[in-house]
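There's a structure below that I have some questions on.
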Amino acid sequence: MNLLELNWGLLAPELTIIILAAVITIADLVMSDKGDRKIFGWVSIVGIVIAIYFTLQQLGSPVEYLLENSYRVDSFGSLFKLIFLVGTGIVFIMSINYIDKEEIPHDGEFYYLLLTALVGAMIMASSADIITLYIGLELLSFSSYIMVGIRKKNLKSNEAAFKYIITGLISSTVFLYGVSFIYGLTGSTNLLVISERLPEAFTNGFDFYVYLGFFMILVGLSYKIAAVPSYMWAPDVYEGAPTPVTAFLAVISKAAGFAIIIRILVTIFVPIVTEYNFADPSQTEFFFFEATTYLAIIAALTMIIGNTMAIFQSNAKRLLALSSVAHAGYILIPLASMKSPLTMSIDISNMIFYLVVYLIMNLGVFTVVTIVNRDADTEDITSFRGLYHRNPLLGVAMSFFLISLAGLPVSAGFIAKFNIFVSAITVKSYWLAGIMVVTSVISYFYYFNIIRQMYMRPGRTEAKLRVSNSLQFVILLAFLGVLLLGIFPNTLLDFIYQNFNLADLFTVGFQR
Amino acid sequence: MADLLTRPFSWLNLLYISLAAVIMLGIVLFFVTYAIYFERKVIGWIQIRYGPNRVGPKGLLQTVADVFKLLIKEDIIPEKADKALFRIGPMLAYLPAFAVIAVIPYSEKIQFADVNVGILYYAALSSITITGILLGGWASNNKYAIMGGMRSVAQMISYEVPLIMSFLGIVIMTGSLNLIDIVEAQKDSTWFIFPQIIGFITFLIAGNAELNRTPFDLPEAENELVAGYFVEYSGFRFAFYYLTEYVYVFAMASLMTVLFLGGWDAPFGLDFIPGIIWFILKFMLLVFYLFWVRATFPRVKTNQLMGFAWKVLIPVALFNVLLTAVLKILNVY
Amino acid sequence: MVPLNAYLAVGAIMFSIGMFGVLNKKSGIIVLLSIELMLNAVNINLIAFSRFGFYGNITGQIFTIFTITVAAAETAVGLAILIAIFRNKGTISITDLNIMKR
Amino acid sequence: MMDSIGLLTLITFSPLLGVLLLAFVPSNKAGTIKLIGVLVSFIPLILSFVMFSSFDSTINGMQFVEDFDWIQIPLADNAMIEFKYSLGVDGLSMPLVVLSAIVASMSAIAAVNMIKKRWKEYFILFFLMQVGLYGVFAAQNLFLFFIFFEITLITMFFLVGIWGLDKREDAAFTFLLYNGLGSAILLISFVVLLMSAGYYEGANGTTIFTTDIQTIIFNLNNSASPYELLGVGVSDAIKYGVFFALLVAFGIKVPLFPFHSWILKVHYQAPPPMSMILSGVLLKIGAYGLFRMNYGFFPEITETFSTLLIILGIINLFYGGILAFVQEDMKMVVVYSSISHVGIIILGLGAMNSFGFQGAVFQIVSHGLLASLFFYIVGVMYNRVHTTKFSELGGMAKTMPFTSGILLTGALASLGLPGMSGFISEFLTFLGLFENRPILAAISTLGVVLTTVYLLRSVLNVTYGPTAEKLTHVSDARSVEMIPMVVLVGFVILVGVYPAILSEPIQATLQLFLTRIGG
Amino acid sequence: MDYIYSNSYLSITIFILLGIMLPVAAIEMVSPLISPKKPSKEKSVTYESGILPTGDARVQFNVRYYLFALLFVVFDVETVFLYPWAAAFERLSQYSVFVLIEMTIFIFMLIIGLAYAWKKKVLSW
């Protein structure tokens, strides 16, 4: 293990961000207290762009292993890294103007915590070892905990942070407990080694522990994506956190959660065969493809709870929190409808596509929410009243984002949902597809309620609402993204399908 | 004694080990008794006065009398105190102080335990005492006691970090956490006080602070806090806090001897003198140093105290670690 | 030798106690402590498996060190947040954390 | 197959030109906005007439076909989903495109006087909705159909919610949720069809799944061996399931009896120009879809359940008629008459023969024209007196002779006076129905009598009798306001006098449907 | 040799038992036998230099105590990582100097943390 001979270029995206975080941390220390820290934001954006460039360079190259196989650079990880990087970049643009206000008292800290959280997410996406993965998870989590509570004089923020950390820790403990059994059965934390040894343990009468591990891992990881059973934190945390942080949690943190769920569940559990069928190999029964039924139940409950609870919310951020819970349910559907190895690749690609779309539209929504809430000094959805008259383009953009969130055409959200829907129908999970569609209809109610506020109610004031240039840029970007992906989804779809290779998740690249 | 450890388990062996432990307890108690006497004498001598000289010949029984006095004092638990915690406090403080003695090798023969993680064991156990002190202060429900408890905890945890870090240089040099190995390593090369002089000094200072002794005795500063965390304690409960401090003097001096002064290793090839004698000599030297410091230095100020640990000692200790590693790579050691 | 199941049982019991504490205790500090207990249950499992597992190896112990670190970070961040709450609100009882409506 | 953009694309997307133009007009220039709004609405109308005139009545398949690759979604290693941008019209959809264009342009003229605020947004949304309208009828791909369908849904939500009457928001939400549910069911059915029946063998042996209507029809009716790659295939359960799902989805839109409640609120609250579109065209999407899909995909099943359809039609006919009879509000009468008349469409469809189908198409067109006419006239009245209650109306003939004349003409057409479109449609429908189901036909003719009763009652209530206080000072319709009345009535009479104009183009297509049924 | 391990821990156990037994025996058994027992109201009052205590002793403490506690936790855990590294340093350093660079980065990161606390005036009392 000569680390000096390591191919550092493979770690370039991560290293860029890490160095950036370190430099900003030091610069923050050196800078006088009164110094303007916006510059950090811009520097970070530049760094993120560089990291995006590095990540794009890595796309399409074969799987590479690093650090004793604990880290792997593969298409799956790179695609997710792109999501994280782009998302965080947009959050940065959102924040730079947001934190003028006393909202975030420690702006320097905020910037580098965002970066460390990003690093955590990137590590999560790319790790092939549960220890590395866990470190990434906790790096992301702890940065988020602090960011949620960064308004330390604000009781809401405190509460949110405490609820978040408690839920997060319980969940990660449950996850670890599950992992400990998997480790006990296989003696390794390397995902690929586990995937080789676990089937053996399963067939040798330790299936109970495999099930135990599966459920605990599932339950433990569900909090990151805010799905049942660990979704309860979402409304409070989203409400209490500063809005850019909320956006980060809703988008990047959630995507990271999905990355880790896919990576672990698919890599570890798919090779387990419950019943061999030597006569007809295509009839062989797999553990995972049966266990997805439980995922389906989780997805269904998540959709139902998220969408029905969202109806009763009057706080915009709580509403979006529950909407993001609901979306977690939607995104789980492709995973839940993996019933045969044939469609797995497509299903995962669909999830990635959805996450990209979700990223774009959600960041758009949160940008608008940031602007509106700041102007109105309240987070109630009545703050949207008369928005259309005050700034028509903002109103149109927001309605379009909401329409996309609701999954109506002609928006990217529709295509994304449609893909997922097809996944479910393909495997004949009509009930799941039905729940998805019906809950989507329920969701019209609260999404269009915001639209109603914007168009059909008079505002408290008719004054024009000014939007700073950077935020305008974000909104424009998101708007175009949602529209263009809605009309020409193939640009992104093909990109994902070409660059995602399912085999990457299973390729064993070392000798033992 | 050391060969007891190599025998297979038998009840007889267990009995022998237990006996040895009891003897060790006796030795420690004896040491404490006469360390107190010795301390008072040393301080008296430095301050040009007599020290204890009434009870027994040359005042030798003074401490015994003191202990007996404490024994016959009434045991008062204040009304507002948390009774259970109040009782547990001194025991919890004392227990680790005695337990750490087990891992220290006194000579080639006199070893009670041969543990791979000796240093970690010491570090882990000794930090439990902090809990005992905090409990005592908290359970007393007295403003002085709580203030004293908080202060001493803050101080002890602050100095614990450089204290533990100061061992690291030695660990790097020997590649082992086993105290016996460390002594053996010093036999082969030099005593670690020379290459690890930074570590040694760090340890001296941090160790002194860890003991809550002058000049770092703010937690029990008589003139501010009456007696700090044990202000409400009387009788034997008080005695045990007191005992804890001196048992730690014993333990820390032993540890320093082992880590930095070569343990039972004889200097200058004077092998004919038994190792245990050398150990005791070095040990006595360090104990004397502790008393000397107490008599000489004034108490530091609070604001200096904490800052010193974090701003000076920890960076210095970390620097020492890196320096040792660099020198190790350059094969200087 | 103590069998593996005994360790697992201790782990499970600690885990359950921790879970109970998290769900039932009112004080924020105790909740944090309960989580610590759960983490230690995990540690026991990992260490036991590292000694007695099918492929017992040192990985479990390494994992444990990382878990301990996370537990420390948990304490640090959790306490910091609790302090902030205490300073703003004067209580650390989690039943009082209800300004955001359910 | 055409390589360049064709007529249908132009028709469908020409309203976007209006959006573009309006984007550069400041919102306070009402005159310019209205002018653009009206003029641009005529572009699709003119184009649709061009299409009508060059329509080849002898072909029973699709004409003006446009086919472009659009979205490809890989499904497995050698399978993919393909959505094409394919438009086309046959004898069934062509008249509906024309109808939409007529009603839409009239609605634009109506909007000039009836919309009182935020003209710019109104016309932008109106144009967007027109895209959906034409697209729905022209789409030859279920996916495309669905997208256009949803466009009408979203834009209508805004149009009703912003420009409606007092309870507009309520109405908008009702509309959204009911139709959202309908479209959700539609989506499920489409995807099920896609995955079970929409496959064909592409190049290199790839299996391509598509929502192309013709492919699905072909597979459902001809394919002997269901495709098994992904375990798909058309079982009877799927067929029946999809059939009923589509029935419910389109039934909500039509609206059929148990799903009708949304239309009461929405029609009443919607601004009159939108009511025109809603009843004139949007509801017809339901009938169109029922015909195109239920009949196209599942002829046998439809045959089996034709009695059910007829019964549903009769229920609608009577339910609407009876309730229209007891209403004390002109607008509600029109709304219920809509429900009642839709029943006739369903009856025609249920007849399962050439006459019945023709009657249904005629009724679609006829009711499309008449319903928008009624809503327009009611709107004109409301515009003047701000009420539509009988108790406050009466004697309109004196002050508004022209309007009342048109109203009476419309009513007569609606109840089936010969020489008007209503007569043709009802005549054909009942002819067809008597041929197959004489008893049910006999029952349903009673419904027509009911129509006569309530229409005359309400029209007479409004036009004759002592002039109501509120009506004494109002003036008759101005020339701009007359245009829609004249045009709509003109078309009603045109169809009535010269039915071949409609029956000729639809003949071949209907024959095709009949062949599938086996009749 | 094999017995050293178990015997060592046996011996440690005995030391711990002794560590518990001595105070228990002395405080709870011997001391009550010989010490007087004359409780009175005044005796059990909390001592505040002879003045009757007012208010609750468990007041809100200076936040610095907590901050030091938090810092301690972080740095104590740092040493948890330093120990295995230090113990394995000799062997690892034979292969690559990277083992040093690695830990330098690690320590550097912690120094940043310390500097942060310093800058935020946590370290001064």
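When the chains are written out, they are named A, B, C, D and E in that same order, and each has its own residue count from 1.
We adopt the following convention: a contact is a pair of C-beta atoms (placed from the backbone, for glycine too) under 8 Å apart; a residue touches a chain by one contact, two chains touch by 3 or more.
On a predicted model such as this, the values are computed, not experimentally measured, just so you know.
Counted as hops between touching chains, the shortest connection from chain A to chain D is 1.
Of all chains in the assembly, those touching chain A and also chain C are E. Relative to chain B, the chain whose mean Cα position lies farthest away is D.
Put simply, the chain nearest the middle, going by average C-alpha positions, is A. Greatest Cα centroid separation from chain E: this falls to D.
When the C-beta contacts at A-E and at B-E are tallied, the pair with the greater total is B-E. For the pair chain D and chain E, the distance between mean C-alpha positions equals 80 Å. Once the centre of each chain is set as its mean CA position, chain C and chain E turn out to be 20 Å apart. Chain centres here are Cα averages; for chain A and chain B they lie 52 Å apart. Our note on geometry: chain B versus chain C, Cα centroid distance of 32 Å, whole angstroms. None of the residues of chain D touches two or more other chains. Shared interface positions of chain E, defined as residues touching 2 or more other chains, are 69, 76, 97.
Contact with two or more other chains is made by residues 73, 80 of chain C. Under the contact rule defined at the top, the touching pairs of chains are A-C, A-D, A-E, B-E, C-E. Within the complex formed with chain E, the chain B residues making contact are 4-9, 13-14, 17-18, 20-22, 24-25, 71-81, 87, 90-91, 94-99, 101-103, 112-115, 119-121, 138, 140-146, 150, 153-154, 157-158, 160-161, 164-165, 168, 171-172, 175-177, 226, 231-232, 235-237, 239-240, 302-303, 305-307, 310-311, 314-315, 318, 321-322, 325-326, 328-329.
Residue ranges on chain C touching chain A, taken from their complex, read 11, 15, 18-19, 22, 28, 31-32, 35, 38-39, 41-42, 45-46, 48-50, 53-57, 59-60, 62-63, 66-67, 70, 73-74, 77-78, 80-82, 84-85, 88-89, 94, 97, 99-100.
Contact residues of chain D toward chain A in the complex are 70-77, 81, 146-147, 150-151, 153-154, 157-158, 161-162, 168-169, 172-173, 176-177, 180-181, 184-185, 187-188, 191-192, 194-195, 230-232. Residues of chain A that touch chain E in their complex: 1-4, 22, 25-26, 29.
Residue ranges on chain E touching chain A, taken from their complex, read 95-98, 102, 109, 112, 115-116, 119.
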